[in-house]
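Take a look at these structures.
Below, chain A partners chain B and then partners chain C, in two separate complexes.
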Partner chain A sequence: MHDEAVVNMADVTVADYAANIRAYLRENMTAFKDVELDDEDNIFERGFFTSLFAMQLLHYVESTFDVEVPDDYIMLRNFSSVRRLADMVAELKRTAGE
Partner chain B sequence: MKMVKCVVWDLDDTLWHGTLSAGDDLVLREGVVDLVKTLDARGILQSVASKNNHDDAMRKLEELGLAEYFLYPQINWNSKSSSVAAIRQKLNIGIDTIMFVDDQPFERDEVAFAHPEVETVDSAELATLLTMPRLSPKVVTEDASRRRLMYLEDQARTEAESEYQGAADEFLAGLGMIFHIARAKGDDLRRLEELTERTNQLNSTGIQYSYEQLEELMHSPDHDLWVCELTDRYGSYGKIGMALVEKQDDRWTINLLLMSCRTVSKGVGTVLLSFLLKQAAENGKRLFARFRRTDRNRQMLVTYQLANFRVVSHEGSDYLYENDLAVRQEYPEYIKVEIDA
Partner chain C sequence: MSEVDPADVIARARSFAETELAPRAAEFDREERLPHDVVRRMADEGFLGASIPAKWGGLGLDPLAYGELTEVIGKACASTRALLTVHTSIVATTLLELASKRLKEKYLTALARGEKIGCFALSEENAGSDAAAVETTYTRKGDTFVLNGRKKWTSFAGIADLFLVIASDNGVTSAFVVERDMPGVETRPKSGFLGNRATHIAEVAFADVEVPAENLIAGIGAGFGFVVNTALLHGRYSIAWAGVALAQAALEEMCSYATRREQFGVKIGTQQLVQKMVADAVTNVAAARELCRRAGRFLAPRNADAAMETNIAKYFSSTIAQRATSDAVQVLGGNGCWSGYPAERLFREAKILEIIEGTSQLQQVMIADFGYKKYARKNQSQ
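Entry: the complex of A and B
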């Protein structure tokens, strides 16, 4: 019982990260403005992702969630969907907390 | 020795004799107009850090016919070090490429204390300015002589952008950008040499190439040397990017990829890389890239790694990437890409 409660708490946090990132993408990329954007959608296929926007997103994630994204986390896989970005933040939070 | 990209001027008793706010009769320092115009022609940007009433000082500069030479003049009552920082940020250049001229030791020391990388010069030494190596580029390219104009065009864009309500990519779409990629020609080489010296942020290795080396590479059958020009409805940004590809059997290696910092906010950094990916795929080659991590080129790392380049080996801060060409990204809709291969 106790373990389950902890897992649920973690899920709530990841969902919060995801909601926050989704809102940011909607606000800053026309391609996501008036369409459905699921957490699993590949955002690279949906809108053109410039290195400029990637930098903005990186700064946003780092400042909003107070994490530092190391070089080896900067890869297509971690940035390809809202869900994966949120998971990455959760993982960075976890390693920072240890 | 790092070349100076911007000279920041004090006004009272530096650019002119006398104090504006004291109602003095102001007389330009002897030879100062020539000095400003010569620096401008050399492609060195200039700005102002002056403690004065902004409107009064600007009016005076207009009257003297000098206002247009100064980008983002900082005329206010703040410390000069904060004015220098503001200019650095607006121009998006390194703090170690700024030179500060002032007659008052206090102001020079204040700036030097806050920014030890900034070289400060006493106004009494103005006559020596034009012979300083840091202010004497070996060659002045066409891009360099237009540099101030390009920044002015950029200022107009930035103002339009800050008034624009909506997503950044929507604004970019309205610029009507054309990105032209061509093989380097003889008259591009000076500019390419200059780009390798001046570009820090969007630079994959930071290795500088001389004119002679570039000339050899241009003629080499084992290399492709690409040059890019960007234009939009405000004007041309000039030749703003380059790529050097080494071709060995089935392996292509991007030895250098760089984009001028002027284009950082235009979202074009990815276009040249997309072009190289397409080229390699069409020719059935494996594509590698060299990357040297510095404390300033994180954006280039992001550009490569989010374009699906993966580290295959590394030694210290030198990385070798490979792209398996499985993921290809189209050019952005808001840029028209023209290729002259």
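Entry: the complex of A and C
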């Protein structure tokens, strides 16, 4: 029971991160494409963003979720989809003991 | 360590700039070199680590104070300001933000203290605005990466100890710190430039240079999206302030000349067409400075909008610097076209700002894209 409650809490938190990230990405997507954004979509490979946006995403993640992304996490793969971003934030929060 | 007072730093910089840089700036430009004593003094004063935290040997100025320092130095000498742009804004700040603790310990303190000089090796024959197209390669070999390639023109490569190098492995771009003394590194000085003439620009060749794996900045593949963009963000912020500096210098030149020079029996400053140029310069300098400060306020907390605010400041500032320096040449007339006055040098230096760290045309593309996203009505029926 206790374990299940913890898991649910964690899921809710990751879902919250994902919702925030999804909204941020939608807000910053090009105004000329009306496209669906799935959580698993690779936002760079699908052409929603160029890698120019990666640094902005790094600043967004650090300032919005109050985490510090370590240098060995700084690679495009970790910033390439809503899911990967949310998972990374959750992992960094866990590591920080939050 | 005692607390650094930003006002004191700016005052020291102003004194140094006015008494030692401004009187020699034309000489540096003519001789196409920044003398060692100037670089040494910039280091000894702590200016080369001005924006780096005290923990890493710097002065710890916030972006606003660092911007003001850039303006003060840049108003006196564009090439000395370029040292701040390249060494401090681009190389040291990028290491601060993205490098591993080990790499910071290895290089950042030495950079902040000016014990080592850094430069940014990005541009190549076929990779200018399209920076992701670099052809310099890296391949993994045991505990090292092996670099091969050639960088076309790299500011301060002629005197730098460390090179922040962008290279590619089949399209996967990564960034490395390379030491000048590593076997296979060669530099060849270049001259004949429109401006930034005293920035020791050199071509850099890498021939089977073995770089320790720990010299990789951030992760594999972080070269363009993170390292180049971080470097250019801070470079653009510096260039934005450089534009204010040149425009301010041009304004002072044109006002001083227009209130002194007589033609047709009157001071030329009383002519309304001259007054228009002065009024535009006064207004544009004030506007550019405020845009730079605004960008600085976004940069301080690493706000996600800092990049766009910096693009806007850089675009506007470099544009009005070109305009103000051109008008200064116009007000000075024949004297404006002669190296006996600073106006022609300011004019040449300002043109450079519209090209480096992202051309004005690239800034326009990015700013327009931002405009569509921010200002297009969501409900297009309105």
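The rule we apply is simple: the second predicted complex is superposed on the first by the 89 of 98 C-alpha atoms of A that agree within 3 Å, B and C clash if a C-alpha of one lies under 4 Å from a C-alpha of the other, contacts with A are read in each partner's own complex, and residues count from 1 in each chain.
One rule holds for everything that comes next: a contact is a pair of C-beta atoms (placed from the backbone, for glycine too) under 8 Å apart; a residue touches a chain by one contact, two chains touch by 3 or more.
Computed from a prediction, not measured in an experiment: that's the story for all the values here.
Student: Under the stated touch criterion, which partner chain does A:75 make contact with: chain B (first), chain C (second), both, or neither?
Tutor: Touch partners of A:75: chain B and chain C.
Student: With the two structures laid over each other on chain A, which partner does A:60 touch: chain B (first), chain C (second), both, or neither?
Tutor: A:60 contacts chain C only, not chain B.
Student: Using the superposition described at the top, list the residues of chain A that contact chain B and also contact chain C.
Tutor: In chain A, residues 27-31, 51-55, 58, 71-72, 74-76, 79 are touched by chain B and also by chain C.
Student: How about chain B: which of its residues touch chain A in the complex?
Tutor: Going through chain B, the ones touching chain A are 166-170, 264-270, 293, 298-303, 305-308, 310-311, 327, 329-334.
Student: Chain C touches which residues of chain A in the complex?
Tutor: 27-32, 51-60, 62-64, 71-77, 79
Student: Please give the residue numbers of chain A that touch chain B in the complex, ascending.
Tutor: 27-31, 33, 44, 47-55, 58, 71-72, 74-76, 79
Student: Which of the residues in chain C end up touching chain A in this complex?
Tutor: Touching chain A: residues 98-100, 103, 132, 217-222, 224-226, 229-230, 233, 301-304, 306-307, 366, 369, 372-373, 376 of chain C.
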